[in-house]
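Alright, structures below, take your time with them.
Two complexes are shown next, each including chain A; its partner changes from chain B in the first to chain C in the second.
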Partner chain A sequence: MSSRTTRSIAHYLMLSPFMLLFAVFFLYPIVSGLFYSFFEWNASQTSHFVGLANYTKVFTSRNFEKATWNLLIYVSITVPLGIFVALSLALLVDSFSGFWAKFFRSAFFIPVVMPLFLAATIWRWIYAPNFGLLNTILGWFGMPSVQFLNDTGTMLYAMIAVDVWVSAGFNMVIILAGLKNVPRHYYEAARLDGASTFQQVVHVTLPSIRPVLFFVITYGLISALQVFDVPWLLTGSSFAEYGGRANALLFPVMDMMGRGFGSVRFGQASAYGFMLTILIVCVTAVMFALRKKFGDA
Partner chain B sequence: MSSLQISNAAKAYGAVPILDNINLDIASGEFVVFVGPSGCGKSTLLRMISGLEDITAGEMRLDDRVINHVDPAKRGIAMVFQSYALYPHLTVFENMAFSLTMARAPMAERKEKVERAAEILRLTHLLDRRPAQLSGGQKQRVAIGRAIVRQPKVFLFDEPLSNLDAELRVQMRAELIQLHQRLRATMIYVTHDQVEAMTLADKIVVLNGGRIQQVGRPLDLYDDPDNKFVAGFIGTPTMNFLSARVKDVAADHIVVSGLGGDTAAAGLVIPFAGFDPSIREIQLGIRPEHATIAIDPASAEGLAAKVTLVEELGDLTSVHTVLANGERLVAQNHGRRHSGAIETVVRIAADKALVFDMAGQRLRPAKA
Partner chain C sequence: MSFKAGFGLSALAAGALFSVGTAHAQEKVTLEYWVYSDFAQGEALKLQQSFIDEFEAKHPGLTINIAGKGDDDLLTGQIAGAASGSGPDVFMNSTSAGASLVQAGALKNIYAEWMAMPDSFRAQFNKDLIAMCTPKPETMYCIPYTGYGSLMFRNLTVLEQAGVDTKAPIKDWADWLSQMEKVKAAGKYGVPDMTQNWASFLNIYSGVAEASEWGADFETKKTLINPEKYAKTAEFFQKLKPFSTGTNINDQATRDLFISNELAFYINGPWVNPPLEQAAKASGLKYDWVMVPGATEGKKAGVQGYEFIGVAPKANSKLAFEFAAFVTEKQQMTRWAAALGRYNSNVESLADPSVSSNPLLAATYESAKTALYNKPPFFLGTFPNSYWSAITDNASAVADGDMKPDEAASELIEQLNEILADG
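Coming up: the complex of A and B.
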């Protein structure tokens, strides 16, 4: 056996623990998910092949239409708003130094480390119809009480606010790391060239942190497409009751979980999951292509 | 072209003084170089002129207008940074036009000014490139071009050549001199490299410990330094300093002894009119070119020395020696190679020796 072959075997042996775990916990579920998406299976009876029927049923269901529509609105608001808030916080923290920089950085990061259940509870109290904080404040100005988590016109936006609040700190820390890497003399040169603070942000800061922004946007999109926990906790939090009033907070992952663990239709849930995976892979591929074209500073 | 006056300027960070009692007049069209060791405050002074650093005390006037609190962009000053500060996402054209873009100048004006500056700096063929596609020298020229486009009253350069290799540095130095001659603009340049200072400056400002040590033309500082620091900082190899005892004081000369620990020697006669006879201990400053290795050490008169290092530079040989009392002395042989001898004799041109008191201040002969 040549020394090269021996070396290759050694390399593969060293990689094998990871490959094994990857195969068991990633490849197998994906492949079996794809397999079950062509079968009708309720986990107790024998499955039988149904072709593309599961896909057709998912596609033509009203819940799918509602969940997709909710997701579209949610993604198109949450991702840009979340990035804008995180960027604003990062710029604010970056403008401070010493104690106040540490204080604000820690303060804005608290929602990230807080258990989501606790965050949802706090926000359910803030949104509560009678004694909630927001309605109390609205009451001070003589405005009528709003059913933030019951009115189908406000539910989605109330949930987006919670989601942005929860995720902004994480994105802020990543953007802040990017800001710290922008050479200070870029700003000094811009100051001497007459750039206002706003012009410095637009012409110096944003282009300089483009790779970081691409990462945050891509990660934000992937997370947003899989949204589940926040609307789940703000609504029924059970497979018997989820999605909120008139399904205003129904999203694809929630619908998929409901079909699987609520209605015990694992074939449909698998088809749902596989379609979602394809969508996320496509969005990620587009983001990577865009990054290749525009992202390198 | 503009003149700059700095009066009693000072800078402190909290209780830590950085610069103190800075007084300086820079005439219109002058090329002034701030030189000094790291941490002497030269870059801080430049940044105070630019407005990037506040002035703790004193006053700065540009064309008789006090600019202490004027916004950096409104001072009419352009600065070239050590690291060029070129924006990597913009092309050369966009980098050079940055100030005009910020001022929302019409595209025709941007194009005209950038193309004119690019022509001066031979950058026309590079206008569409990004900084990453440029060499160090080209980046440096773009940074200068960005300053030219602003048509400033004063150009500031903060160690602009320190990132370039030795050969390119010499080339860029020549280009800067030509640029200054062409633009006739007031330029202030910061460097820690005294060769750069000597070759570029109309006027050198030597700084140390946050204070101006001496201001003058390059050769004036070389020939007639005010103190040991300036004498030692200007010139390569650095000036030799030997402690000596004043043995005899006459009207037009002094006789010193004990040079290099040689107590047996008769003494060295140094022309010096009006020497203060109360001073007994002095230091002599001797440039390496004024100390030579004797061809025949056995019969020559001078200071006995032991050779520790020989630097052969072709036309010039620097011989590093140590004297009997441990003081070091560098001698130079012009057009002559060192014989290889370890024990040697160094001859000193006494009429070229500079006299310093023990505090390091220069003692000058009385004028006739």
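Coming up: the complex of A and C.
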């Protein structure tokens, strides 16, 4: 056996614990999800093959269209807005040093470590009609009370605000790490060339942290497509009743969970899950293709 | 030492050794016992643990592990556990989740074990609830355990400030509205938004409807909601709107408004009493509870719901059933009710003087006599996922003035029947 082959075997052996765990906890659920999506199955009794019936049932259900539409609006707003806020916070923190840098970094990170049920309770208070914090402030300006979490016109945007608040700290820390790696002399050179602060951000900062932004955008898209906990908690959902008024905060993962554990239709839930997996894989592939096309540095 | 004494001691020692040996020879069995999280905290946990200790003492070699779970975790764990075999051996859940658990194969048919119990045990339980657990002949899925009946908590400070005579009972909806007008005039809120969740909706709808006019018929796939009575309820929601906080009954904000003397009426289950009791001690909250008023004098409203204890179809199901029977038996349920003021399904325990003297329990018992069951029928079919939200969405739309009550009623019935037909 050549030394190269021996080295390869050693490498594969070192990779094997990961590959084993990946196969058991990632590949197997995906493959079994695909398998059960063609069966009517209630988790314990014998399943029977139904072909594409579960996919048809999901596609033609009244909830699917609503959940997909909500998801589309949500993703198209929350990802760019979240990254814009995180980038702004990172630039702000980066402009400080010493105590204040640490203070702001910690303060902006608090929502990330706060238990989500607690954050949701706080936000339900902030959004409460008539006497909630936000409505009290609106009242000072003579504006009428808004039912942020019970008016179908505002619910999605109210939820996006909470979502951005929760995720901004995490993205900020990652972007901040990228900012720290930008050589300071780039800025000095730009200043000598007469670049304004805005021009420095656009022409120096953003190109320099492109790999970090790629990660943040891709991760943000994948997370947003799987949104579940924030709308679930804000609407006080349960497996019997979820999505808020007129399903204004209904999203695919919520519907999938409801079909699985509320109605015990695991075949439909698997079909839903598999479709979502395909969507996420496609979006991620597009992101990587774009990165390849436009370069990462 | 005489021979006799020596022999006696030796015999005792041998006996002791034999008994120790027998105990060691007992098969080690562990039962996983899942309960709602509030059963596994504070005083409730202490009491549950004492039931476990007593049962374990009678069954050497047995260990029972109690685990508290939130509503969703309890259901998902039991369903997923039924598929994988890793779920609990004995567990509680709401009867409204019963059909899902039956469908998932999480509940064993305990009819034979139940019938083998002495008559004196079987006679202890509420007969309607035994019928609920026995949806088909010779098919029994549970033993009724704990339960609730909704109550209307009144903030006496708010009512007194509004000039309402708190000693006079609320006769009907009209009387209730007139009290809320006074409350509003005093700058306070009357009620939470009663259209935001199915339980608060039912607390109002039950003020006009009878038991046969709620739930669904899974054979014909039709809702049982009476459209005329729904329209009356919807009309009442429109009248309630000006007095509403706009918050859900389960919001922390709603409870805080009641505790801070900003809200007059708070309809919910008896489980909200402990924080109110605490507020009474800490900040002088003055409150009481009465039955939820109905539309007309003499008619009472309210929701009643029950939790059951069930056994998984696993190797130790016989022992799990014995434990379930033990905790639901009169002696345990009397201690449970007396110590915690919690309602249960054991009628004999509720009649015990140590229990019936508890004012909250007495009121809950009274409420449960006339209240409508939460999500009937139980153990027969699962409600499609949009059934309950269709009701609350429709009620909210009427309350906001987006639809007229009559139109809303016919639209809702049509929608619910479609949802049931779609499955």
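Assume the second predicted complex is superposed on the first by the 274 of 297 C-alpha atoms of A that agree within 3 Å, B and C clash if a C-alpha of one lies under 4 Å from a C-alpha of the other, contacts with A are read in each partner's own complex, and residues count from 1 in each chain.
The working rule: contacts are C-beta pairs under 8 Å (C-beta built on N, C-alpha and C of every residue); 3 or more make two chains touch, one makes a residue touch a chain.
Every value quoted in this text rests on a predicted model; they were computed, and no experiment measured them.
In the three-chain model built by superposing on chain A, chain B and chain C fit together without any clash. Applying the stated contact rule after C-alpha superposition, one finds that A:48 touches neither chain B nor chain C.
Using the contact criterion defined above for the overlaid structures, shared-chain residue A:186 touches chain B, although it does not reach chain C. In the superposition on chain A, contact is made by A:236 with chain C only, not with chain B. Counting the residues of chain A that each partner touches, chain B and chain C differ, and the larger count belongs to C. When the shared chain is aligned, chain B comes close enough to touch A:195, but chain C does not.
Using the contact criterion defined above for the overlaid structures, shared-chain residue A:4 touches neither chain B nor chain C, since it reaches no partner.
Shared-chain residue A:204: touches chain B; no touch with chain C. The gap separating chain B from chain C in the superposed three-chain model is 50 Å, by closest C-alpha atoms.
Residues 183, 185-186, 188-196, 199, 203-204, 207-208, 210, 297 of chain A are the ones touching chain B in the complex. Against chain A, the residues of chain B that register as touching in their complex are 50-52, 72-74, 77-79, 81, 83, 85, 87-90, 98-99, 101-103, 146, 150. Those residues of chain C lying in contact with chain A across their complex are 71-72, 75-76, 79-80, 82-83, 96-97, 100, 103-106, 189, 193, 196-198, 245-248, 250-253, 256-257, 262, 375, 382-386, 388-389, 392-393, 396, 422.
Chain A contributes residues 42-45, 61-63, 121, 124-125, 128-132, 145, 147, 150, 236, 238-243, 245-247, 255, 258-259, 261-264 to its touches with chain C in the complex.
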